[in-house]
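Comments concern the structure below.
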Amino acid sequence: MSKMPRERVYYLYVALTLAAANGVVLSGNLIFLLLFWNVLVFSLYGILQVGKVYSSPAARKAITIIGVSDYVMMLGIVIFLVKTGNVNFPLETKVLFTDTWLVVSYIMILCGVLAKLGAVPLHTWIPESAKVVPASTLAFIPGSLDKLLGFYLLMRLSYYIFDITTYVPVQMILMIIGAVTIITMAIMALLQKDTQRLLAFSTVSQAGYMVLGVGTGIPIAIAGALFHMLNNVIYKSALFLSAGSVEYRTKTTDMDSLGGLGVKMPVTFFAFVIAALAISGVPPLNGFYSKWMIYQGIIETRGATNVWFIFLICAMFGSILTLAYNLKLIHSIFLGERPKDFNKVREARFEMVVPVLLLALGCIGFGIFAQALPLRYLILPSLGFELGALGFWSPTMATLLIIVGIVAGIIVYWFGTAMKPRRTSVFVGGEVLDGEEARITGPNFYSSINSVEMLRKTYDFGEGGAFDFYNYLRGAASGFAALSRDVIDRIITELYRVIGRIVTMVGNLTSLLHTGELYNYVGWIFLGGIIILLILVL
Amino acid sequence: MIIFLSCIILFLIGLYAIVTKRNLLKIVIGFALVEYAINLLFALIGFRSGMLAPIITQVDAPHRFVDPIPQALVLTAIVIALGTTALMLTVVLRIYNRYKTFDIAEIRKLKG
Amino acid sequence: MTFIPLFFVLPLAAAFIIPILGKIAKSLIWIFVTLVSFALFVLALYGAAVTQEVPMIVYQMGNWPPPLGIVMAFDSFSAFMTLVISMLVFAGSVFSLRYISHYTGQWKFYTLYMLITAGMMGIVITGDLFNMFVFLEIAAISSYALVAFGVDAEELEASFKYMVMGEVGGLTFLLAIALLYAKTSTLNLADISNSLQLVGHTPFFWLVLGMMLLAFSIKSAFVPFHSWLPDAHPAAPAPISSLLSGIFIKVLGMYTAARIIFNVFGLSRANAPALFNVLVGIGLLSIAFAGVTALSQKDYKRLLGYSSVSQVGYIMLGFGIGNYYGVAGAIFYILAHALAKGLLFLTSGSVVNATGTRDLTKLAGLGEKMSTTAWSFRFGSMSLIGLPPFVGFFAKWLICLGALKAGFGWLAVVAIALSVLTLSYLLKIENSVFMKKGKTQAAKAPFTMRIAMVFLVVLIIVLGIGFQSVIEFIVGPAANALLRGLEYANLVFGSAAVGF
Amino acid sequence: MIELYLFLVFMTVAAFIATEIKDLLAAVISLGAVGFSVAIIFILVQAPDLAIVQIVVEVVTIVIFVAVVFRTTHVDETIGKKLTSSHVLSIVGFAFFALLFFVATVRALQELPAFGNATMKVASEYIRLGLSRAGGANLVGDVILDFRALDTLGEATVLFTSVIGVIALMRSVGRKKLKA
Amino acid sequence: MSLIVKTVTTIMIGFIFIYGAYIILHGHLTPGGGFAGGVIIAGAFILKILAFGSEAIDEKKSEMGSSIFESVGALLFIGVAIAGLVLAGTFFLNFLPKGIPLHLWSAGIIPFCNIAIGIKVGAGLFSIFLALAAVKYVMTD
């Protein structure tokens, strides 16, 4: 951080963000919440401004998307206020969707929430900013804090103010958004070539699980979503920070040029692997447990909807995709051939390693003791309801089994030669090629997806910004701007200039009245006296 | 009432001097006149026909005095007037020293 | 409650001692004055604490009960005013150490400084009409002398004009006292209030009120009574400008007017709508006229002087609205404007001290060289404009709330729209003095000056953030003390010892 | 009380002369005439304390006035100079104000007790208690130094203030030369 | 000024002074008081300056003396008030015994107040006059 420009301003904004986030969580009233919510927009803008490279466009994009959705949200709150006459949180009775306007208001407020969470289609600011801001910022803002706040408001909105379990269409909307977010963003992540960008898409993809979980309306899934959010904070921070450590040592985030750092940075490697496995939902780590709860919730919705299995498939498939892109990450950063430039790379600095390691240990701990610790002490008390059954999974038992398996695997591995990349000389046309050139880099893992016609097109569209509403918005806005610049703006400018000139002229005139002649001044006093006497006495 | 009005007239004469006169000294004189007018009004207000000055000469005699309060107030007011007049004259003197004139119309470096 | 007379006895005694001290140990004077100001500050805090529990403390001078002797009637409004006065007096005395070292005759300055303090303190705690006049004259005469303290041509001229107009006001007040005495035959405010109830709203009643209003309008410089202020306030040394603009005009004009209208004459919007409409009109006129005039100024301090005229308009607006929120807003505005304008004048002093000029066209690029001054200026002007976390915002907000509650929606809109004027003239200073690139020679402000400015900045921020407590403990009770109206008399007589 | 009216008229005329006469010394002396007639009126309305103070203060005031006139100029050069239009305007404004004020006062004064019938609400208490509780035979002295002693402190302070002010303003140089 | 004026002044000053003192001391019994007496005493000094010119006195010393006297007078007055506070509990309390009515020794603190005011006013007015008399230095800058 120390080399970042405007470091002091950065911390100012961080403090402001934290303050506003506390304000959001502590306010007991939608209006106050909105106030702090808007402060967050500005502090986010400020934080994103402090980038690695020129980051203003990304920041502008973020503030536009979030800002616009905030205005939508504000409108929603106004509608809510008008319809119910109450904006305080602990409503005595929950609001039912009895009125179309209430549904509209719910969806409008949802817009703000989704933009914060980064769910499709309001997610585009996150990968955009991933290009330009440091890893720690990413880990802090879109990675954890915004998820937290978005999820908080989503929960408040869906179960404390409204009750979405009483109205299936809203539930469906949430679930569809969740499922679509999971799948599309995981695919996008799969095809990235930049670690930070990949992780950013991954973040968005994970948000889909939360939305999906909340959308089911089943207690266990909601608890799962909450747990997933907590887990997401842990492992996504670990991933971002270890990616940051790598960047700190190698000065690059491009996966093509990375590789083979596992030996050089063993602790980071370890933490990264743990976190990656956790996010992919490999038992017994925490990600698995929360996803498991969400799956269970989806299964339980089978009474309400006929298409529950689609969501289940989406969720599971998303999980597989997650594993896939994480393998790609692990391979491209830590395994494989090491470029020569990185032979002198050392383990990251102590103070960078420790938090990452702690977070990784957190992944393990929250996974193994999921029922005993986080669920019991954090999740369930905060939700305030009992879970019927905690599923068929006993993490502790499973862990023991898995450890046995792992030990067996290690023993096998130990005797093998897997520790080092196997080196064979590459012959092409009789010439021995340099290893460097023939190196297989991670990003090409899934390049075959690109060759599937439909998927490739989709991806191209995605990269080209076809799913990015911001672009459409900006197009419309710039059209309107052109109009307003030529017509409205000119009128206003002229008006402003004329008014300014008139005021200045009046000012000069009144200033001329102060002639410096005493008798004039005293005369004014008597003028005032005349007025007072006329009004009061006569 | 006519007696009271004469004080008001004196008051207005003082104000008239303050507004219309361009000579600094005349303005100060105007203030002195205004102060006299008010002091006089005070003294006249406290008067009771046929009563004596409020100074006790015999302990047991019936107390038939004019109102002592306005007199006390006028004493204070006179001193205050003296203080203001002295300060004002000092400023007038210094202004003459700086501007070499008593004409208020020429003493107008401050304007706008 | 023996601490009440200390409010003016302390500065008076200090003023009497300083001439002797000035001949023995010159270097001690500043420390002495600062200590006394700080003691006043502590005393005012104590007074504010005491008035939380007792609505009114009556101190009988010489143990004579109210209508006979002079009483000090110390209620929440007085406590509030003493607090604001002592804040500015303390800041000014700290500030003046290095500033006044450019002048000759420093002990005279400090003597007058203590006298003006004593006068203001006396005005706000006295419960006697004539005594109020006497203290008013003490404060006024010392301010005349202080305005001309530099004895340059402009300063003497400003002082003379100020003196002429101020004395017209003072003597009108005295004439009103005389007439009032003739009718009620008493001088105690509470007693007068009782007697006036028997008089009713007759021509006499309105004449006396009109004369007092004329006097106080001159003292607090509303348009069109304002013309002395832009001359006099800039002419004074900066700590004095800060004191004069910050609190002096409010004590001599606002406090007295509010006290007499609400508590003595017992008027409210309900029984005298015409009067309150006049107040609103005067307020609006002041805001607009002086605000516009300030835009065309080229002198740092003169611009601030016009700004003061404009800002007192808001206070009058609040009083004129006349409901709880309006009055509380006006009182809060007294505090906000005192802190902000005091601070702004101190920054002007700092700039003058460093550069020797206050011509806006000659000053440039001081933002980097004098960062404390520049930031103090920014905080002060943000508060004055009315940006949210600072005191100024909450004051304006209360006034607008009052206007809305009283059914004058347009008034709130106009009041807010007119803050654009404040913004533009303060930006003018900001642009030309602190932002513009330039090569004006300047050194950093001396330590004591920075301390004084930072003290006020901290107050602006802290009181702004803690506005709820300020309203609850200081401003609200003060507003209630005014809106109590004629209950004032009962309280004074009730709190005094009956019989003797 | 014919002499009272006489002095009132004399006073008014003297006041008018003081404002209008061209010779400043004469104006100051006319002012003195007003002051002394005020002092005599004080005696007529049974206020000997005031008369004494008025006379001595008048002497001092006139001495100060004369000192100023001697050190500056004897002639009021501004008399007879052409008035600017703004000055005329303010005079007209003042005339209107004076008229209004006069009318208002005439209406208001009718509510006051007539001359010679002071109400004396608090004052009668002073007269009753003065000798026994305050101790002074001079009731005015009792009032200013016991019942309303704070006023006297204030008055002394006003004088002190103006003395300090005069001394402060008579400094020949206000500012020290700035060190270059 | 002529010799006659000077001689008469020299004789009169003492009488004026005594008269002023009388007025001050009998302020609680007869018309007059601290203020009037103080002005008369100041008048004695002023008369001397008028008759002999301002060279007759050491201005620096007189100015210093008069301003110290003024402060002392004011402090005496406020001291009497504070004495009431300290000794009897109320500011400006007339705490001394009242003595026999209509005699010199009566009226508690009032004579002391008169004396304090007399000192203060006499010194104060004298310093005003001195300052104005010093105007010739000022005018020559």
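Each chain gets a letter, A, B, C, D and E, in the order it is written, and its residues are counted from 1.
The criterion applied here is as follows: a residue touches a chain if its C-beta (ideal position, glycine included) is under 8 Å from a C-beta of that chain, and two chains touch if they have at least 3 such contacts.
Predicted model, so just to flag it, every value in this text is computed and none were measured.
Removal of chain E in thought leaves the touching network of the remaining chains intact as one piece. Shared contact partners of chain C and chain D comprise A, B, E.
Located most centrally within the structure is C, per distance between chain CA means and the overall CA mean. The chain with its Cα centre farthest from the Cα centre of chain E is A.
More C-beta pairs touch across one of B-E and D-E than the other; that pair is D-E. Most remote from chain B, judged by the distance between CA-atom centroids, is A. Chain B and chain C have Cα centroids separated by 27 Å. Chain C has its Cα centroid 52 Å from the Cα centroid of chain A.
Centre-to-centre spacing of chain A and chain E amounts to 85 Å, using the average Cα coordinate of each chain.
Mean C-alpha positions place chain A and chain B at a centre distance of 79 Å. Residue numbers of chain E whose C-beta contacts span two or more other chains: 29-31, 33, 35, 67, 70, 74, 78, 81, 92, 94, 101-102, 121, 128, 131-132, 135, 138-139.
For chain D, the set of residues touching two or more other chains reads 48-49, 53, 57, 60, 64, 68, 71, 84, 87, 90-91, 94, 101, 104-105, 107-109, 112, 118, 120, 122-123, 126, 131, 137-138, 140, 142, 144, 146, 148-163, 165-167, 169-173. Each of residues 12, 16, 19, 61-62, 130, 134, 137, 141, 144-145, 148, 151-152, 156, 160-161, 164, 168, 179, 182, 185, 187, 203, 207, 210, 231, 296-297 in chain C touches at least two other chains. Counting only pairs that meet the touch rule, the chains in contact are A-B, A-C, A-D, B-C, B-D, B-E, C-D, C-E, D-E. Of all residues in chain D, only 104-105, 107-109, 111-113, 118-123, 125-126, 129, 146-151, 153-155, 157-158, 160-162, 164-169, 171-176, 178 touch chain C in the complex they form.
Within the complex, the chain E residues that touch chain D are 23, 27-36, 39-40, 42-43, 46, 50, 63, 67, 70, 73-74, 77-78, 81, 92, 94, 98-99, 101-102, 106-110, 113-114, 117, 120-121, 124-125, 127-129, 131-139, 141. Taken in their complex, chain B has these residues touching chain A: 18-20, 22, 27, 104-105, 107-112.
Chain B contributes residues 53, 55-57, 59, 75, 79, 86, 89-90, 93-94, 97 to its touches with chain E in the complex. Every residue of chain A that touches chain B in the complex is listed here, in rising order: 511-512, 514-519, 522-523, 526.
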